[in-house]
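Chain lettering (A, B, C, D and E) follows the sequence in which the chains are written, and residue indices restart at 1 in each chain.
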Amino acid sequence: MTEFTAQDVIRPRWSPALRARAIRRFMLAGLIIMIGTGVAAVCLEIFGRSLSPLWLTVGIVLPSVLAFGALFVVFAITAHALLGRLLKRLAFVLFIGSLAGIVLTAWGASLLFGLVDRIVAARPDPIAQTIFGGELTTDEIVRFFAATPEDPKALEAPPALEFVAYLLWPWQFRLLRDLVLALVILGFVSVTASFAIWWERKVAGRIQSRLGPMRVGGWHGWAQGIADGLKLVQKEDIVPGRADGPVFRLAPYLVFIPVLTAFLALPFSDRWVLRDLEVGLVLVLGLLGIDVIGVILAGWASHNKWSMYGALRVAAQMVSYEIPMGMALLLPVMAAGTLRPGAIGALQSGGFHTWLAFCSPFLFAAAGVYFVASLAACKRAPFDLPEAESELTGGFHTEYSGFRWAVFFFGEYAAMFVVCGLAVLLFLGAWHSPLPASWGESLAGGSWWQRGLYALLFSGPAWFIAKTYALLFVHIWLRWTLPRIRIDQVMYACVQVMLPMTMLLLLGQMFWQLLVPPDGITARAANIVCTLAGAAIVAAFVGTAGWGYLNRRRLVGPLAVNHLPGS
Amino acid sequence: MTAMPDAMFTSEPDLLFDAARDGPDGLRTEEMLINMGPQHPSTHGVLRVLLRTDGEMVVEAVPHIGYLHRCAEKIGENLQPYQFIPKTDRMDYLAAMNNNHVFSLAVERLLGVEVPERAAYIRVIMAELNRIASHLVAFGTYGLDMGAFTAVLYAFREREYILDLFEAACGARLTYSYITIGGVTFDLPERFIERLAEFLDYFEPKIDEYDRLLSYNHIFVKRTAGVGVISAEDAIAWGLTGPCLRASGVRWDLRRCLPYEIYDRFEFDIPVGRPGGGGIPRGVVVGDCWNRYFVRMQEMRESVRILRQCIAAIPAGEVRAKVPKNVRLPADEVYFEGENPRGQLGFLVVGDGSPIPWRVKARGPCFCNLSITSHVCRGVLLADVPAIIGSIDIVLGEVDR
Amino acid sequence: MTGSNRLSIVAAVLVWLARAGPVWARGPRGPGPADWIGIELEAVMFYLLGGLAAVCAVGCVLSSRVVRMALFLFGALGAVAGLYLLLHANFLAAIQLIVYAGGTLVVIIFGIMLSSASAAARYRARPAEKAAGAAVGLLLLAGLVTAVGRIDWSEGIAAAPSAPTVDGLGRALLTTYLVPFELSSVLLLAVMIGAAWLAGSGRK
Amino acid sequence: MTPEEVASLIGSAFPDAVVDAPMNTLHPAVGVVPDRWREVALFLRDDPRLRFNLLRCLSGVDRIAEGRIELVYDLMSLRPAGDGRPWSCGAVAAVRIGVPRDGGSLPSVADVWPAAEWHEREVYDLLGVSFDGHPDLRRILCPDDWVGHPLRKDYVFPVEYHGIPGSTEFGQRSPRH
Amino acid sequence: MGSITLMHYLVLGALLFCCGLLTMVVKRNAVGILIGVELVLNAANVNLVAFGRYRGAGIDGQAAALFVIVLAAAEAAVAIAIFMNFYRHLTTVDVDRGDLLRG
């Protein structure tokens, strides 16, 4: 240890070596805790869940709390000075930490809630749903664990069990549970956004024969999203002098929060859903619709004419495109006969030919219409007129910088995820793999690894997320390929092309369902044709890309410049 | 004249947010004055276009220039011609070779200097290479103006090779001062011609790729076809030259029509604007933005043709005629125009018997081409203004000089 | 003192806290000290959302800038949507968000921006106007509340079972309310044409 | 068409307008009196033999010794050739007009050749020649409140402009003259 | 704070109604008046749905509220169109100045 001087007492001076050592220690600690947690969790799975609440607490809850704490300390150490130089390592830690935190929290929470539910269920009389009810007492919890078949009223318990009971007690309240789940969703959205930022930059780089970010985080600059976010948070907080201050400050959150709320009803799988609402789809659509307000107000409050133009364009474009988007959504709703996202997803479990997009020609077309409309509703290129930087210098977010700007972008990427997720949910088989789920039925009820295999092969949140990211890739791909459309063309495409088209599709689907027997030859033929067409589209895209990749031209010889990655 | 307030330092009345909008300036209620520039992504420098808009419709667009005025002509009156060549680099800085070329030709004409054969070929090679480089920038930035981000990276990738060649020849990558009075400053480095040939083999198929990526892209065509149409009469009347003139259907190129240097020895076509149909996308009109853009794409092919002929025919020999540094200019004047990537660059050089010219006047093609903006940008949509200005392809260094 | 010692002390304190924990965590179930937390979720949510709606509504009255008013209206609409959820009118809540907040309000803000010259301009009421307005408003509120309070609403207080509303609403719209439903579509058509004509007629 | 022929055509159409037409120079130009310039310009543009439709350049030269500013209009006549052949150059001509340095003015030809609009503004800005009937005669390159006309030979650089120091490197305020 | 009854909703509805009415009366900005109208309609909707829930009216209250929402949207569209016209002629949306009784 180096000796402390008076200077250090007043203002601790960290030498780079000291700081590096500290960070290494905390990283190590975090890593050990995470690994330990994982091992413990696996043990728990193997040895049965009801084994010991003490182990549950010690193995899951405490480590995740400690891991978060360690990460926070690392953050505090690194952030206090020279953030730029350490950004790389910091971003690495944060990224791993947040990912692990989210997964651990979600998983731990589900175990914890399940346990508490079982305790509640074990009580002789049911409890009303209250938020502060406190009907379940710690004594009851202790009794639940201490109870033996011989003596159901036994109260002899080690002190540690009381401690555990004290920890478990709050989780009987819905509000607390929802808070935890909201945190999980928030974490997921943040990670998705920062990942999408990095991904977008990488894809853009590749499309433009560049490498994209390569530095932050080591391998292919994969922590660039976090680094961008941190940079933005550090930037000066600017509100234009003549802007409408409160509205200006509020606007980004009006964009972000509705989108975040939309995750409330978005199912990642049949069990991974916060609330499988009866009107889930309409609610998601409505929440996507109201983030327009935030964008408009942002443009208005900036007191900038270009922002104003952006706001006007947003108002015109997003409100218009909501209509074809909503009507395209009505087709799968009609086919499924419900607005409940979970029910629609569950319909499509029988292999990829049962995915709704392939069930009738009208649904197939509606999937395309929906995708285009969702591009417009997310203000993504080629529909990025509200922020068109070659015309409006940034549109509604011209005057925004730093954290608020970051919030806009988090909102944008989250909205992209939601619309792509809706497309996957309604048209592309939701959380099911292309294999029929019935093939894996024997696995579904098996041991933990069998269940994991089932989730990987047949149906699980991984499939939903993967498919959504695939669509997200198409969003990114289009953005870096296509020029921007003009506002009159945007409105023309909406009002005179897509709107009549969706209406006709709706009528067509109606008659299809009325007239075509679901098991008849027509329906089967249409199913096959649509499936083949979908496969052909995917194959065409992949094939074109592959052909281009294989036939790329490089300039060889003395003129070839190494710092330019080929074409 | 001094009564008018300076537009740089005073702002217009805040017509959007002040209540008294229907003031004496006769703005209608929906109209709004809005400054596009001088800091704006798609004005290609420090151009300010004052737009009077009615919603998304532009009622009037008035370009305000001069933000990059550096008194090049005044400087020219105080330097000897060879000293002025670096100043010409900084006019159209995307086509510095061409500027050097035209100015050198003007002075050579005044002095009656003959350029050696090899120097003439090198000059043509450099001018055409720089034409390709300049058109590449025009292509890429036009993509940017249209919201297609990727084209510019491709364009700059190819331009990088050209700049490498230039760097090999003269050591500079932007402002070359390579072509000088009486020839060029240095002979070509070794293997330059081979590398040039390699580049041409690599580059020519790339133009097809650009066409697939951008020129025939449906959205791109929709954005540019029939937008900003300039008739041939208007183009000539406003003094448009270069691709802007040719896009209006005027098959006019100084290199062919009034050949200078050794351009009469080469075989090449003059691409002009064509209406839609027969390989040209539907909806395209002669003189519209798409044609202005596409003429440049075709000119790159023609430049490649010229370059190949140069490679085949370039002789050995001297690269610079003997011109004394302190040569006295005769008491005469000369006006000479050459075909630059952006149009006809003209120099009026007036000598008075001293080594320093009495007057140097530069006629920048961008200056004249830009003057038609307010005529064309009337009753177009806001998004068309970048499309039109981008298709005119201005370099503010030359507009403002 | 080593780290493990410190940790053990913390653990001991925690255990002690757990043992001597608050009475509401240990006590028997039922009425008693736990009363103050015996609030139903619905009540809490009602007071939250209703309070938000009320604050926003009052904000609408008091705000002098139109944009702020629109913002307050947005808050009120959102809060009312939440109240619909509490009232088991799920579909209505979603529709409120889509049509009201996402559509009507956007139209209103659009109008504010297009008439932008006077949007930033404030309309300050005179003190007398303010006083009169406040008096009238309070009187009206008092009257309404008294009227509501005079009636005994307790009968039939048993809330209807929260049946799925989408089915029922759909059926009702196509049976009982078929005529109004169809009429409203005619109305919307007329409004579309009329609004387009009205908005376009002033242009030369 | 040679410059001599152009000069003689102008001379026959406006015998009193032509001042001189020196041809033994690299830049032969017809001298025209300022007052008749507009008519001559219309003649140059509209006469079927001439049809000078392209105003290539307008240059102002400060002949300080002679007390006048010389304006040189470079014109060209573009003729269509039809069926895909390049257009031809019918004729190239220059017109030279001298105006007094102080308060000199001449008619604007911005309506004859719209290209002249900006060229005339530039000459007005940099040399201080005013053009009668110009639609929008403002400074174009210099700021609107600039004092003086920089391309005049007796121009003195301002010491400062809005706080920006304006002398040349060695404190000279006029580098040559 | 006991359980929530119909009374609570009715009082809230009354409050919203009063605020809306006051907004309509106090504001001179046409759009402000429109906002007041929207508040009043919302108050009515709250009452309708609450009655439907607590008085056993079932789905009827919601159906009526649905129609109110649709009508409000239609009304807002027409109103804004009228205001735009008004504004174009008078360059103001101050309704007190719209007393010309001519186009």
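Quick note on the criterion: a contact is a pair of C-beta atoms (placed from the backbone, for glycine too) under 8 Å apart; a residue touches a chain by one contact, two chains touch by 3 or more.
Every value quoted in this text rests on a predicted model; they were computed, and no experiment measured them.
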| item | value |
| --- | --- |
| Intersection of the contact lists for chain B and chain D | none |
| Common touching chains of chain D and chain A | B |
| Chain whose Cα mean lies nearest the overall Cα mean | A |
| Chain at maximum distance from chain D, centres defined as averaged CA atoms | C |
| Interface with the most contact pairs, given as the two chains involved | C-E |
| Between chain E and chain D, distance of the C-alpha-averaged centres to the nearest whole Å | 69 |
| Where chain A and chain C are represented by their mean Cα positions, the distance between them in whole Å | 28 |
| Chain B and chain C, separation of their C-alpha mean positions in angstrom | 61 |
| Mean-CA-position distance for chain E and chain A (Å) | 37 |
| Touching two or more other chains - residue numbers and ranges from chain B | 16-17, 21, 29-30 |
| Residues within chain A bordering two or more other chains | 308, 312 |
| Contact footprint of chain B on chain A as seen in their complex | 204, 207-210, 242, 303, 305-306, 308-309, 312, 381-382, 384-385, 388-391, 393, 479-489, 553, 555, 557-559, 561, 564, 567 |
| Chain D partner contacts - residues on chain B that touch it in the complex | 1-2, 4-9, 65-66, 69, 71, 73-74, 77-78, 109-110, 233-234, 236-239, 250-253, 256-258, 270, 332-335, 337, 344, 346, 348, 350, 356, 358-359, 361, 363, 367-368, 370-372, 375, 400-401 |
| Complex contact set, residues of chain A against chain C | 128-135, 137-139, 159-160, 162-163, 165-166, 169, 174-175, 244, 246-247, 250, 254, 277-279, 282-283, 285-287, 289-290, 292-293, 296-297, 300-301, 308, 311-312, 315-316, 319, 322, 326, 339 |
| Chain C partner contacts - residues on chain E that touch it in the complex | 1-12, 14-23, 25-29, 31-32, 34-36, 38-39, 42, 45-46, 49-50, 52-56, 58-63, 65-67, 69-74, 76-78, 80-85, 87-89, 91-94 |
| Contact footprint of chain E on chain C as seen in their complex | 39-40, 42-43, 46-47, 50, 53-54, 57-58, 60-61, 66, 69-70, 73, 76-77, 80, 83-84, 86-89, 91-92, 95-96, 99-100, 103-104, 107-108, 110-112, 114-115, 117-119, 123, 125, 129-130, 133, 136-137, 140-141, 144-145, 148-149, 153-154, 156-157, 159-160, 165, 168-169, 171-173, 176-177, 180, 184, 187-188, 191-192, 194-196, 198-199, 201-203 |
